[in-house]
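In the two assemblies presented below, chain A is common to both, partnered first by chain B and then by chain C.
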Partner chain A sequence: MNTISRSVVKKDHEPKIRGESVFVNDYTAAGDARPILTGKLLHASVARAKVLSVELPELPEGYCYVDARDVPGSNHVLMITWNDLPVFCDETVEYIGEAIGMVVGPDDQEVSRILGEIKVNYEPLDPVLDLREATEAVRERDFGYGDPEKAFAEADSVIEEEFETGYQEHAYLEPQGFMAEPEEDGKMFVHGSCQCAYSVQDAVVSVLGCKYRDVHVLQDVTGGGFGGKEAFPSLLASQVAVAAQKMKAPVRCVYDRKEDLAYSFKRHPSLCRYKMALKDGKVTAVDCDIRLNAGAYCTLSGLVLDRAAATAAGVYSFPNLHVHAAALKTNTVPNDAYRGFGGPQVIFAMERLMDHAAKTLGADEVAFRRQYLVKQGDRTVTEGRHHFPVPLPEMIDMLDAACGYWEKHAAYAKPQNGRFRRGIGMALARHGDGLTGTTERDLGFSIRLRKHPDGRVEVLAANAEIGQGTRTTFPKIVAHELGIPLEKVSYQHPDTGRVENSGPTSASRSLMIVGELLRRAAIRLREQWADGEEQEVRESYTEPDFVISFDLDKFRGDAFPTDSWSACAVEAEVDSFTGNTEILSAVGVFDVGTPVDENIVIGQMEGGFLQGLGYASMEQMAYDGTGRIRNNSFSDYLIPTAADVPKLKTLLHVEEYPDGPYGAKGAGEMPLVGAAAAYAAAVEQALGTDKHRLNRLPITVEDVMKELYREEESDGHDSI
Partner chain B sequence: MDTIRFELNTRPVSWEGQASARLLDTLRRDFSCLSVKCGCGEGECGACAVLVDGRLINSCCVAMGAVDGKAILTLEGFRETPQFAALNRAFADFSAVQCGFCTPGMVLAAHALLTARPDPSEAEIREGLSGNLCRCTGYNAIVNAVKAAAKEGLW
Partner chain C sequence: MKAIPESLREALALRADTNLVPYAGGTDLMVRGSSNAEYLFLGRVPELRRITADGETVRIGAAVTFTEALESDAVPALLKEAVSRIAAPAIRNAGTFGGNLSNGSTKADSAVALLAADARVRLQSLRGERILAIDEFCLAKGKRDLGEDELVTEILLPAGGLENYSFEKVGGRKALAISRVSFAGVFCADEGRITKAAAAFGAVSDSFLRFRELEARLIGKTIEEARELKPAYLKAYAEKLELKDGRVSAEYRRTVCLNLLKAFLEKFGV
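This part shows the complex of A and B:
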């Protein structure tokens, strides 16, 4: 084991376990400080309408209503390059939950009372609610290679299936919250729960119509993110900044759980139609049609779509390929970044299709997969290259050794007629590491190390500690290179007023990309180290030489410099009387490169894997015929508890990446991506291998019962 | 206005306000017990869990009127005990704290569990913690930490 992998006590452990960490809702106005005003949002109650008027009750002194008329700059929230989302609605509202305005005042109960008395008059417009009927693409991609049309025309047979996945809510335990405080020097101090302090600054500067130096953003201690605090905080921060500017006082808005579940951004529901051409028992072409439900505004859907498209064929290489992908507008809550970022949806489609193609050919599902696995040197779907070894064959063997896959698979393939029926399924997945295409290079992210005269070193970077360990792993890398104790290196929560923009906390990039910048900077600092002096070293990203530069318009080249890989297996037991399914065991083998702290990486694998199993099995969220999310509480939207998957195990296979620190690659997202496909395969085997097609997520009790009824009907029994 | 007398972190206190006020809000606002977090406000997540007469209770679902005469323990009080020190060490060794938002409730849940069952099986640990949601860890590290802390024989 690399010495860097040895686990340490996390730097944020002590304040967090003692309950002393200050989250945004924990700030109090001490002594004679200005009181913190509470802001609460007026959310649209119809999916699409013209807002004719807002009737306010009489407002007591000190209370105020804020809306688009109070926005000094742009009323649109800048998110990377998209800015269609209004801070407060324009003339129309486009989804239930869209912010119309905000009531602000000193007493939160009084604010709630006022909010409850506001009457909004709407002129309803026809909403688009069904993804199947959506036609307005916010982004579309069409690409491929070879001659798929010819391959389909010459095929012996074609398998065509449709796959549907539902919402997933991040369910970070700390709800969204942000606060803005006008400072005495005229600056606006904005802080809260987020992943990307610099993105929040971009948004707030544009909304306030001021200069960058007039706004600084601090990432407070953040109670989980998983992508949910990537873009959404730019909206909430803009809203509180506008209110604080108007009130000339600190304003804080913290979502309650119901608001958060119903109105914060989510994982894109998807509809994928995949076709496979077979000739002489071999796959000759695959056609992928991917539709993501973007919701009412684009937000980051364009980027999510790109990653989905670039992951369309999963871990396989086929002779001919066509991919069409579109993110489509509907009048529902915007969908956005969520761990996996478009990957889980297409991996589900591809893995299920591989299972079903193998069944159709009478082949073993895993042996069938092995024939098409990508190898080092193969082209990617975007005609870039897989530059590094692809360790999937070894990982499949590791998986079998850990869970007895083949033995169980053979045993469960025999007819099962009892009440409890078992199955085991495997899925293979990849996750491209870092931001898609040339974004890393184009945006020129950088970091600094500051050495103080007493020998302490501080990391100045913008990546957020959101539980995944950057406050520990970043200093670990620096201390390791400098050969100084870890206590001498610190990494505070980033404030854009004093740290470099090292880019967003997203795309599994923090450790692999920013960690490598830190390693290089630390080496330079070591070389020029002068006792007793204050010194600074800055390091910027440069694209590795081997990369085939990505052309975004043609969608061609290396979408990612390298990939992380996973092979996971799930063993499930279906109760054929009730339709309930229990996960007996779940084992994942992950290649995320060298772990820069084994406990931290295993913690990411276990947490991500369980989130993926929740996505597959229990996390159901849907909207009704009016576009209203029906599951807005933790009693309606269930996430896994400690008792749900008692036997969950993760193992690491290490394939070192030369441009990541000590060989590290992206880790945060990989464990989630393949879990759902493995779960579906397990339940399908438990139901009986040949008849069933579980192509929709999550797989509910009702879905299982339906399959069981179908089985009875086809057996000639009366249905119940 | 109602006067409610109770014990908070081993000290007797008196509080005046509406008996219908939530214990969660009162602890945070009037007693600066900011370790008590609001994760859902409906008793589903356990982030606001405190001990009331030794029993693990979600403080978002308790009215102040119901705590008259009771003894309440929050992490602010518990963190001064040897049992906390044992859990702290074990959570550190297994890196069982990620984002930290569920942690105060989780630590109190672990204490309540170990008080009831000083030598729990893994299934009992999982059951005992199942009222406290954690979205980060996948629970294994927490379960292992509680197992390790139990071995110190302090409960």
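This part shows the complex of A and C:
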């Protein structure tokens, strides 16, 4: 084991365990400071309508209503390059929950009372709610290689299936919250729960119509993100900044859990149609049609779609390929970043298709997969290269050694007629590391190290600690290179007023990309170290020489410099009387490169894997015929507890990446991506016959019962 | 106002004189979080915190927590199994039988087991006492036969005859899950003849369900006779089970209820 992998106590462990960390909702106005005003949002109650008027009750002194008319700059929230989402609605509302305005005042119960008395007059318009009926693409990709048309025309047979996945809600412990405070020097100080302080600054500057130097953004201690605090905080921060500007006072808005579950951005529901051409028992072509439900505004759907498209064929290389991918507008809450970022949906489709193709050919599911695994030097989906070794064959062997896959798979393949029936399934997945395409290079992200005269070193970067350990692993790298104790290196929560823009906390990039900048900077600082002096070293990203530059328009080249890989297996037991499924064991082998802290990485692997199993098995959220999400509480939106997967085992296979610190790659997202496909395969085997096709997530008890009874009816059994 | 009586008499007097909301564990009220309500805390009333048993009856005080019941030798295994499936340890450390029965839910896991066990509820007031069967007390969702001056003080369980039982809970996950279907069954036979075949269903309708008139069809029958009657018996249940759509569909609930009833009968040879 690399010495850097040795686990340490996380820097934020003590304050969080002791309850001393200050979250955005914990700030109180001390002494004679100005009171913090409460802002609460007026959310649209219809999916699509023209807003004719908003009737306000009489507002007591000190209370105010804020809406689009109060926005001094652009009324649209800048998110990377997209800016279609209004701060407060324009003439129409496009989804239930869209912000129409905000009531602001000193007493939160009074604010709630006022909010409850507001009457909004709508002229209803026809909403688009069904992804199958959606036609307006906010982003579309069409690409491929070889001659898939010819391959399909010449095929002996074609397998075509449809795959559907549902919402997933991030369910972070701390709901969305932001606060804006006008400062004495005229600047606006904006702070709250977020992953990307610099993205929030971009948005607020554009919304206030001011200069970058007029706004600084601090990431407060953040109680979990999982992608849910990547883009959404730019909206909430813009709203509180507008309100604070108008009130000339600090304004804070913290979502309650119901609001958060129903109106914050979620994982894209998807509908994929995959086709496979078979000739002489071999796959000759694959055609992927990917549709993501973008919701009412684009937000980051374009980027999520790009990653889905670039991951379309999973871990396989086929002679001919066609991919069509579209993110489509519906009048529902916008969907956005969530751990995996478009990957889980297409990996589910591809892995299920491989299972079913193997079944059709009478082949073993894993042996069938092995024939098509990508290898070092193979082209990627986007005709880039897999530049580095692909360790999947070894990882499959590790997985088998850890869970006895083949033995169990053979045992469970025998007929089972009792109440409880078992199955085991495997899935293979990849996750491209870092931002898609040339974004890292184009935006030129950077970091600085500041050495104080007393020898302490501070990391000045923008990546957010959201539980994944950034505040610990960044200093660890620097301390390691400088040969000084970890206590001498600190990394505070980023404030855009004093740190470099090292880019967003997303795409599993923080450790691999930013960590490497820190390592290089630390080496330079070591070389020029002068005792007793204040010193600074700055380092910027440069694209590695091997990268085949990505052409975004042609969607061709290296979408990612390298990949993380996973092989996971799930063993499940289905209760044929109730449709309930128990996960007997879940084992994952993950290649995320060198762990920069073993405990932190294992924590990520276990958490992500469990989150993926929740996505597969129980996390069900839907909107009704009016576009409203009704299960907006944790009694109705269930996520797994520790009791649900008592035997959860994660193993690491290390394939070092030369351009990541000590060989580290992206880790945060990988463990989630393949979990659902493995779960579905396990349940499908437990159901018994080869006829079953579990192609929809989550797999509910009712889905299982329908499959069981379909079988019994077709076998002529009594169905009591 | 808060009131913390230290004796049953004091508690009943407060109940008679005030509109306080009685509670002991507070696990459900805490979620509702009503800022205006005023409470009568029963957790320090010794009479409500005891588990006692004589040869005939096991008495569980209304303010006994689920954890205390799980640790008691006097509590029958059927009830322990039901209680062990409630929520999670922290909630079981606080939650009580009185609250689980009284809060108006038709998904209470203890209630469905108590219903199958022919348990009774003791209600007391300054005026006197009433003893009701579980389904006489739990009338419907949000509706309990409880006078404004009455408190649930004890659950009374038969001390014997609960050895042959089934308990099943279908929830959305393995802990902290509200039941989507719950089932409890108690079976007794004497000299080869069935003396009891109680089947109770929870979380599937606006009230807990038990059909004693259908159960009566099996009473006095031999196992062989019961087996012959089984198809008609299950069909009769299928017709009786008028269920509600909720977190899962009524159709799903019906299928599961019948499967669990069938499994219960099969477990005891029928």
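FYI, the second predicted complex is superposed on the first by the 716 of 720 C-alpha atoms of A that agree within 3 Å, B and C clash if a C-alpha of one lies under 4 Å from a C-alpha of the other, contacts with A are read in each partner's own complex, and residues count from 1 in each chain.
We take it that a residue touches a chain if its C-beta (ideal position, glycine included) is under 8 Å from a C-beta of that chain, and two chains touch if they have at least 3 such contacts.
Bear in mind the structure is a predicted one, so any value in this text is a computation, not a measurement.
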### Message
Quick one: is A:Glu487 in contact with chain B, with chain C, with both, or with neither? Answer first, second, both or neither.
### Response
neither
### Query
Now for A:Asp256: first (chain B), second (chain C), both, or neither, which partner does it touch?
first
### Query
Who does A:Ser7 touch here: chain B (first), chain C (second), both, or neither?
first
### Message
With both structures fitted on chain A, tell me whether chain B or chain C touches more of chain A's residues.
### Response
B
### Query
Between chain B (first) and chain C (second), which, if any, makes contact with A:Gly579: first, second, both or neither?
second
### Task
Examine A:Ser635 and indicate which partner it touches, taking first as chain B and second as chain C; both and neither are also allowed.
both
### Message
With both complexes superposed on chain A, which partner does A:Met705 reach: first (chain B), second (chain C), both or neither?
### Response
second
### Query
What is the contact status of A:Met618 with respect to chain B (first) and chain C (second): first, second, both, or neither?
second
### Query
Looking at the overlay, what does A:Ala643 touch: chain B (first), chain C (second), both, or neither?
both
### Query
Once the complexes are superposed, what residues of chain A are shared between the chain B interface and the chain C interface?
635, 640-643
### Query
For chain A, which residues count as touching chain B in their complex?
7, 9-10, 12-23, 25-26, 28, 170-175, 221-226, 256-257, 466-469, 597, 599-600, 602-603, 605-611, 633-635, 639-643, 646, 648
### Summary
Within the complex, chain A is touched by chain B residues 32, 34-42, 44-45, 47, 74-76, 79, 87-88, 91-104, 107, 122-123, 125-127, 129-143
### Query
For chain C, which residues are in contact with chain A within the complex?
88, 168, 170, 172-178, 180-181, 234-235, 238, 247-249, 252, 255-256, 258-260, 262-263
### Task
Can you check the complex and tell me which residues of chain A touch chain C?
419, 577-580, 582, 618, 635-636, 638, 640-644, 701-702, 705, 709, 720
